[in-house]
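Scrolling down, you'll hit the structures one after another.
Two complexes are shown next, each including subunit A; its partner changes from subunit B in the first to subunit C in the second.
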Partner chain A sequence: MMRPSSISLRRPARQILFSSVSTIRAAAPVPTTATHRSLSTSTSTGSGCPCANGSRRPQVKQTQELQQQQQQRQQRQHRNAYHSYDHPSSSAAFTPVEESILSAAYQHVPSHGFTPSALAAGARDAGYLDISPTILPEGAFALIRYHLVKQREELAPRVSELFGGEGHVGARPGLSEWEIRGRVEAVTWERLSANAQVIGRWQEALAIMAQPSYVPPSLKELALLSDEILFLAGDSSVDPSWYTKRASLSTIYAAAELFMTNDHSPEFMDTRAFLNRRLREVNEVGGVFRNLREWVGFTATAGVNVLRSKGVRI
Partner chain B sequence: MLRPATRPALVATRQVRQCAARFFSSPVSPDTSSSHVHSPSTTPETNPAPPPPNSRSSTSSSKGKKPLTAEQRAFLSSALRVNQAGELAATLIYTGQTPPLVTRDPSLRPLMKHMYDQEAAHLRTFNDLIYRHRVRPTALYPLWSVMATGLGWGTAMLGKEAAMACTEAVETEIGGHYNAQIRKLLEMVSEWEAEGYEVGAEFRHLINTLRRIRDEELEHLDHAVEHDAQKAEPHWLLTGVIRAGCRGAIWVSERV
Partner chain C sequence: MVARPALRRAIPSSRTLLHAESRILRSSFSTTLQSQQKPNNNNNSVPEYAIPDPARPTHFGFETVTEAEKRERVAGVFTSVAESYDRMNDLMSFGWHRVWKDHFVASLNPGFSPLTSSSDPRAPQHILDIAGGTGDIAFRMLHTAHILNGNPDVRVTISDINPAMLSVGKQRSASLPASQQAALSFLEANAEDLTQTKPLGANQVGYSPTTGVPDESVDLYTVAFGIRNFSNIPAALREAYRVLKPGGVFACLEFSKADKHPLFNTIYKQWSFSAIPLIGQLVAGDRDSYQYLVESIERFPSQEDFRDMIVDAGFVVGGQGYEDLTGGVAAIHKGMKPRRK
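What follows is the complex of A and B.
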């Protein structure tokens, strides 16, 4: 039903596409039909062959450019690099084609989960072939990463709304520590609430993220998220607590996310209480360390000053 | 007020100053003009000849601002990180030096306070820049704190001359280091201008801040030389060791 001759691919694009799907070329109709059939049984609105679907031509032509863009993107994602306001680097984490497939597939997550079939359905919705998600080397994990990246990027406008339209960058210098704690809690909760729409599928996603090859990118996203939360909350510490705050917030966030997948309370009240308890604990432990350091510092200075007053030349 | 320039430190100061003067006077450094890449499509009439320096803001409004590349961001991150670590160390060196020095020679109190206040202001500047531009601070913060306090206190215990030799060595390294950063930033800016892009106020401000701080650091170098830094025994060993240590610390801070 879907002959390769009906697809007018330009030659380089075809080579790349087929080399990435390796053996498909020899037996092109078979796997395509198989994927398609399984999809049309699972979606009630399956409309048959994708070539009949509004007669949209497959747009797989810019595959070469895509690969270049992917490389550039990997270079671009430099952690905690200088963030310029006047000369912002483009922050697009996905290429336009990936973006269109993933955003369409994201709509299928509540029904299909973070699975290849959601990706295939999304590709079809976006007007591509069912096999076009093969341009996403990470498969279903790409969909999870899309969720993580998008929700992180949407956090800034939502937080600015939350705090009364105030720009977040150094808008109000000299927030007290107490205020910052409250803001950290509010921003973290804002991000957790964004998981609500996919919460039924989030355990699957966490399982995929825990696969060894996906652990590093997942942890990187977690680190970027905790950095974003603390920055949006207005925490301006640039000493070693920069590290401890990010580490503890990452732990708390991951735990709260896991807790939330089993939370059936209205509006996730239990999760919010859980989050508050964890944050309070960290603040208490941090307070103990701070007091200890202060005491040691005070005692040492006092000792040195006593010796100096006795005429010891130090 | 300065003595005749036969002494090596003054020659060094002078060289750093001349470097600085060169970068003040010429906005386009000679070696960048060949390396930039013209984009072929837009505004062919402005591309062949880079605009003269005095008309830069008016001609370059067409193309907007160019996004930073990954290398430029990496450079700026490591530059801000190392500057913060350096100013932290400088603040702690003066904190460690002040009590022993002032006990021996109370006339040094205003000078030490003046230098400390300037370093503390620099530290605040860089803390703010690091926060605003979301750069990771150095992971070796506690190590630099301990080492800088130890260096300041140790040299002050050796005597006023050794303490001043320490200041001389540190500020010489720092002056050269700031100059290298300013040079790199000016290269970036002139490259943008040659390609017809706008340069944001953020960068002009950053360059001006670095220049101001560089000049204040070199002023400390002058103070140190005026206060018998050269009479330290053995001067070559003290300054050599401290300068090597500074270079090592800068190298590490740029990475970690």
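What follows is the complex of A and C.
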């Protein structure tokens, strides 16, 4: 089995992963059977594959190991490149003028909603005219997309704080399925919490997102978010379960997000319980984080090959 | 009517589609006259090609003529079609132009202001509708602003180079509510040089004839189905830039290229090159003007090239900078004049 690589070229903050896994009990219940592995002392995990932690890590450089490492690095680079291409930074998602209007308008969302009114108010704040936001081709949806992109990008720093430092997010060898599952829950919850500030406006936003022309970009953002959550949680398997996991997580996230718009419990406790239930169900039914990989394996591999033949970078 | 003999001489009236297409090939050099100049990022120095020059070659339909000659001939075309103008638009757009215009105006949402904020200190909002001829766009703007957005603090100036077109618009405006008429003014001006203006009639809430359109005085500059008739498009874009306030929006609705849909494009071209001039002959007795209109559409730069010209003039665009309508038969381009640094 391929072990997840621990290095990411995407964000410098993730480049070095020396320190040990800190407990994530605070964020999610971790079964006692899942022992905390200290990465700084263990160089390999069960399958015996070397878990290269980056070039600064002292390694016993046996020839075989070196070869394996090289292979892994190639795979890793491939995957990291894929990951980074798929996650355009906001500077690519918005032009500087769009950014200046949208960031000012975003401040008005709690009071004006994701509306042309918020856009115009933001334009005034940014020193533009009421008419200026009409150059945004997607109108008010641009503001929704801004929220989605910004909150996705904010997730990494927030999660790294949650997990106890920069070194603790992203792909990490040695995390058990249980640990990863707990981390997925914690990261997903972190993202959901970011909707709290606009929750009163989020149903309107969902209605706009459901308009035919905005469905594709909305789904794309959802897919990017699922990918980001799994990445930050430390799940970096490159195998057929890749799609299943993302699809399941996307579905669960979307359901939880909708649930949250009607949740009046303190600190959205009910939403969190809902999220936990859904994630657990997935594991019970098909064991998406382990077992699904087996029964979907063949079909997914076939599917991946078809996509590859069509030039999709997977 | 004045210029029609000249037109006749210039455009042989028995032109077939094939003939027209061979002319596209022959004149492909002059297509690049205006659009492929070196980009200019320094707005202080106007590039040479953006300075109107009556003697410089440009195109009139598929012909190459001087800028001055084109201006004269375009005047001839619109003087002769002024009355049958709506019919012409219906023919060339299969009736879609009304839908496009509605969408164009709705997407600009004139007179809209944020709900709770106090009124805009920069009011009134000023809309300059260039090549506004018959008032089609201006009347829709007034309706949206005054009625739909309940904002009477919006003024519209209709400007056109052609007094015949302007007087058609003026006549039509008589059926508007008085409050809307009061917010409307007419101005005779060449879009390539808005410093020279001539007011039409006495009802002037707009600009004085002596000063022209001042710098940074306009919130929204619109031009619908007009810009392809200009002799010097870069010059017009620079004038638009000059008269707009920082944050002001340039918006253009124009026939464009449907070549992203080859089959549809073929049918559309067949239609426009063979049928429209013929129908023009039958319904308006004026084949040549319609022939010119069809050719001028063909000659207009692609969506991407025109967007680049807008950027070249100093505007910033959102997204790809344009929106295709009906598969690209028409397109809306928008640009914003950036804030001063």
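Please note the rule applied: the second predicted complex is superposed on the first by the 190 of 314 C-alpha atoms of A that agree within 3 Å, B and C clash if a C-alpha of one lies under 4 Å from a C-alpha of the other, contacts with A are read in each partner's own complex, and residues count from 1 in each chain.
We take it that a residue touches a chain if its C-beta (ideal position, glycine included) is under 8 Å from a C-beta of that chain, and two chains touch if they have at least 3 such contacts.
What you see is a predicted model; the values in this text were computed from it and never measured.
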First (subunit B), second (subunit C), both or neither touched by A:221: neither
Touching partner for A:95 - first (subunit B), second (subunit C), both, neither: second
Contacts of A:123 with subunit B and subunit C, given as first, second, both or neither: second
Which superposed partner A:190 touches (first subunit B, second subunit C, both, neither): neither
Touched partner set for A:263, first subunit B, second subunit C, both or neither: neither
Which of subunit B and subunit C A:138 touches, first, second, both or neither: second
Complex contact set, residues of subunit A against subunit B: 75-76, 78-90, 169-170, 227, 231, 236, 238-240, 242-243, 308, 313-314
Interface residues, subunit C side, partner subunit A - complex: 107-110, 112-117, 120, 122, 125, 219-220, 245-249, 251, 316-320, 323, 334-336, 338-339
Interface residues, subunit A side, partner subunit C - complex: 95, 97-98, 108, 111-112, 116-118, 120-121, 123-124, 126-132, 134-139, 142
In the complex, subunit B residues that touch subunit A: 65-70, 72-74, 76-77, 80, 84, 99-100, 103-104, 127-128, 130-137, 139, 141-142, 153, 157, 200-203
